[in-house]
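For clarity, chains are labelled A, B, C and D in written order, and residue numbers in each chain start from 1.
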């Protein structure tokens, strides 16, 4: 299904919002205004945005340690995300989770996850729920190339295919897991080649081309909604920044020329899509700039929202432990 | 009251809860033909041997509106799924600020005494108790088994339900009709005066047998069954120990960092109970070894009536401390 | 390499020994003379014997819950195996292990295992040791079709191939895991199809044809010894008896006609190989019968050995816990 | 004596042991360029993110003549590998009748206080202690860290070596040259008269700080560091408690079925020590929650000097029981 102009512009806005959110998070963490670990998604925005553009608001996702982009793409409120990074009560988890544990069950975000591949079984469970609900719901499960080393990857692909669960396995192959190149941890590097072992389609796509991702995801989503089962979507992308930071970024040992190439305007998923829009007359450079400005204002507002929110009261330490 | 087996009581509980609420679904690596016929293979899911996956599937489905009852088989096989238990199930609600409930029940069989050696004779309750975020149940009698499993399935939190293998074929009275047992409430299986035995699962029955025998010597034993391990009914245990002044805990897990250790700590850190204690507490637990296969070794490794009796005598003979209440 | 007549006859003897050992174990367990669980290997003998015929005595194996056949094929002493089933001190594990935990590290049997797929990482570790020793050693790792559901299957195949470990992954596909048909637990049933995802050869072979197994295993072993890495050997076979027994056999729900067909003289791996030997004049029917008789005598002796051995002394309960 | 960090001490230990014995190899998901350069990538193995596999690989290689040192990263990630730890490593020697040794060392970081939330702030020592068959080490000082890691690598059994994250950058004196610390021997870090504090890892340092402060009030605190959790040096702990008559245990794991529970049980089940106890024991542990992210909540969840001090005061103020030795 072709996208409307408004939809295309919204895709661009989401790309920019994710980009600026994570650049800001790095800045805030460097300034020690927020806490804990930050894993920037910068450079991979087209995967989250492309996949979520193929989903309905009622569809569900599971996310990873590098999860800000997935949440924003699925529609999370950046105010509450920011408040969570600041450890405040108005954060999504009331400050209990932080960067690696943002969730919004109300809009189908079943949570970021600090455990590599740990969200995959949970995504399968959400897809099982959708299958039982029988209302055409679909789940998208994001995971990294490094996650393919874990047993949970294998187990969930088998079960999902066996049970024909309405599920998209979205592998974000950014060619590294922490500092380690994918070829140093995998016997063969084409992740889509796992699919035949599970009798499911495996599709490789340029993960920096948001429309290509969206098209591939749409096809997989339709298949899932039809009841034909899961698809392994292998998105080839690249992390433009370091793996993670606490007080300072972890050293980035990747070859500098490779990193530089992936940062080029024609490969960067944000500028690349901007050029696509402007060259096709869908938006002008001025409109694009206006969107960037609006995003920055939204993010300033998010920081203000976060800082205005109080820290949780230590007396509430035991709240939320058990449901009634 | 009718008498049925522990296993039948559990099956009744599951069927009743599945009839009561169609969001209850089951998953297991073993087929359950009777359940499948009754409720269909959509709700009664037979799974590949992929415990990590289906443990997380249960959690994900619970967070999406269903009430899965997941059977790991033996507790042994849960260790393959430990990431989903430790890092996900026990933390997911609190970590996400309480925004969703996860009503999932994990069942598994436990315990030794069946000559199936180390890997298949485990009782690692305490490893799950240590995790803040799981409710943990361990019934000893068919009626408790039924009533607690029903409560577990209705509970809106992840619950781990341990089923002692040696109890499966034991029988006991179970009320007809609706019968639930509240989570978190211990049960005095036999009232007594001189010493409290806290027994777990199979060892509640063994403690009762020891109590019977000691009665002939004029020794009055109180037998208390926690039934729930988390939240532990510390008040009931402490009240019993304050009454008897003596405590023996019997459990078939090895002693180190066990449920028995925890019960000892709960008793001795409470000032009033501590002051009422007239003798050192005794843990009667398994030897610190993987449960061996050969019957004479296995018997030596696990607690038995002789060792329970000896422990009772030790706490009674420790007469060097006067009864602080001069009873 | 072609086998000598003596080698062929020894292969037959091993097939018979495994068959008779497990029939006897079932009998002894039914009579409550031995304890615990018994998982008979009856019908699958050609896999263990064929694979071990391709190994050197110094090569290593890991086994499963259905492990008697692997141990005998690798050269274990049936006296000590039998004593273990009887729970006696002269058993391989001094009575501490029982049927599911027989090991003989002295001849490279790194242990049966009660955990489905649990031996696979251990096998990888043995293969890593062999690679470091650099003396051409190889490890064979036995596992069932059901074990392919576990994450450890996936993780070990990837690492073994990545590191080019000298390893044979021997999948004993007997078409059922406990009572459950392989198509009910796997999205697709050809297990060798997993191999390409790990960049390793996957070979399917008639697991009831001991020479076919031996030939396929030999090729894989040579590859491993050359340093070219592991092979996934998919052996198609069938379990002729029930899955397991304690006091009584578990009910066998498999279609009776299928079971009957696999029990036919032309499919049964023992009679099939016997007919191969006699039809080619390698052994006469009389010689075959003599071997069967000798095996039965050996097993009677094993029972006598076991029964003459004392139970372990309960005072030794803590012995063997920790090494000095 | 030279002062180095805890992390440096560990690195020295590993390098020295790799130099000493070429059968020592390492595995980890993180590259270690310095080690790799020194010993080559055959011995210094960098692994995929497959903890279950490489935990078992370590065990299999150990059973085949090597001495692997396997680093899980955070203890969190060990749960993915729990089958290999629980069902294999802890049972393999005994189950097979002692026919082979398994000299494998598993290392991992533990603990909270770093604002990395529930999954990455765990201290589940007791879950490993409960398993009969593993030795468990938990040093608090650089010298102990070095000496114990060397002993672990030389030990012929599976050893789990916990490294508290908050200690990594702390410094302390470490002897030059060969330096080992025996497994199973506790250490009195500070002698005292009035109360025994048993601290674990980071909380040994905190206990020492509290002891310093209380000294100004004339309160004499003995600080004991078990260093080894299995086998636990019960004799040393009991001796200290018999001397002081009072016990506070400080640990950043939640209390239920913790190492602290075990220490309490070891003390109160020993008749002589029990009789010497003049006040109920105190466990100062983490709140029973997954460690929260937000700094004020995280602080509230973990033990601190104020809570340790308060516990010491409680056991001292409990004057209702006379000193049995009428000291």
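Following the convention adopted for this analysis, a residue touches a chain if its C-beta (ideal position, glycine included) is under 8 Å from a C-beta of that chain, and two chains touch if they have at least 3 such contacts.
Here the structure is a predicted model, which is why all the values come from computation and not from measurement.
Using the touch rule from the top, work out which pair, B-C or C-D, shares more C-beta pairs.
The greater number of contacts lies at C-D.
What chain is the most remote from chain A, judged by the mean position of CA atoms in each chain?
The most distant chain relative to chain A turns out to be C.
Return the distance between the CA-based centres of chain B and chain C, expressed in whole Å.
Chain centroid spacing, chain B to chain C, equals 37 Å.
With centres defined as the mean C-alpha position, give me the chain A-chain C separation in Å.
46
Taking the mean of the C-alpha atoms as each chain's centre, how many Å separate chain C from chain D?
41
Can you give the whole-Å distance between the Cα centres of chain B and chain D?
Each chain's C-alpha centroid was found; their separation is 29 Å.
Can you list the residues of chain C that touch 2 or more other chains?
In chain C, the residues touching two or more other chains are 91, 93, 95-97, 101, 113-115, 149-152, 155, 158, 162, 185-186, 321.
Which chain B residues reach two or more other chains?
Counting only residues that touch two or more other chains, chain B contributes 47-48, 50, 52-53, 76, 80, 83, 87, 94-95, 117-119, 132-133, 287-290, 292.
Once bound in the complex, which stretches of chain B touch chain C?
29-31, 46-53, 76-77, 80, 114-120, 287-290, 292-297, 299-301
Quick check on the complex: what are the chain A residues that touch chain C?
Where chain A meets chain C, its residues are 148-155, 157-158, 161-162, 185-188, 193-194, 196-200.
Give every residue of chain A touching chain B within the complex, in rising order.
60, 62, 91-97, 101, 103-106, 110-111, 113-115, 118, 120-130, 132-133, 151-152, 155-156, 158-159, 162-163, 319-324
In the complex of these two chains, what residues of chain A are touching chain D?
Spelled out, the residues of chain A in touch with chain D are 35-37, 87-88, 91, 93-98, 100-101, 113-117, 146-147, 149-152, 177-180, 184-186, 246, 311-314, 316-318, 321.
Hey, which residues of chain B end up touching chain A in the complex?
25, 42-43, 45, 47-48, 50, 52-66, 68, 83-84, 87-88, 92-103, 132-133, 135, 156-157
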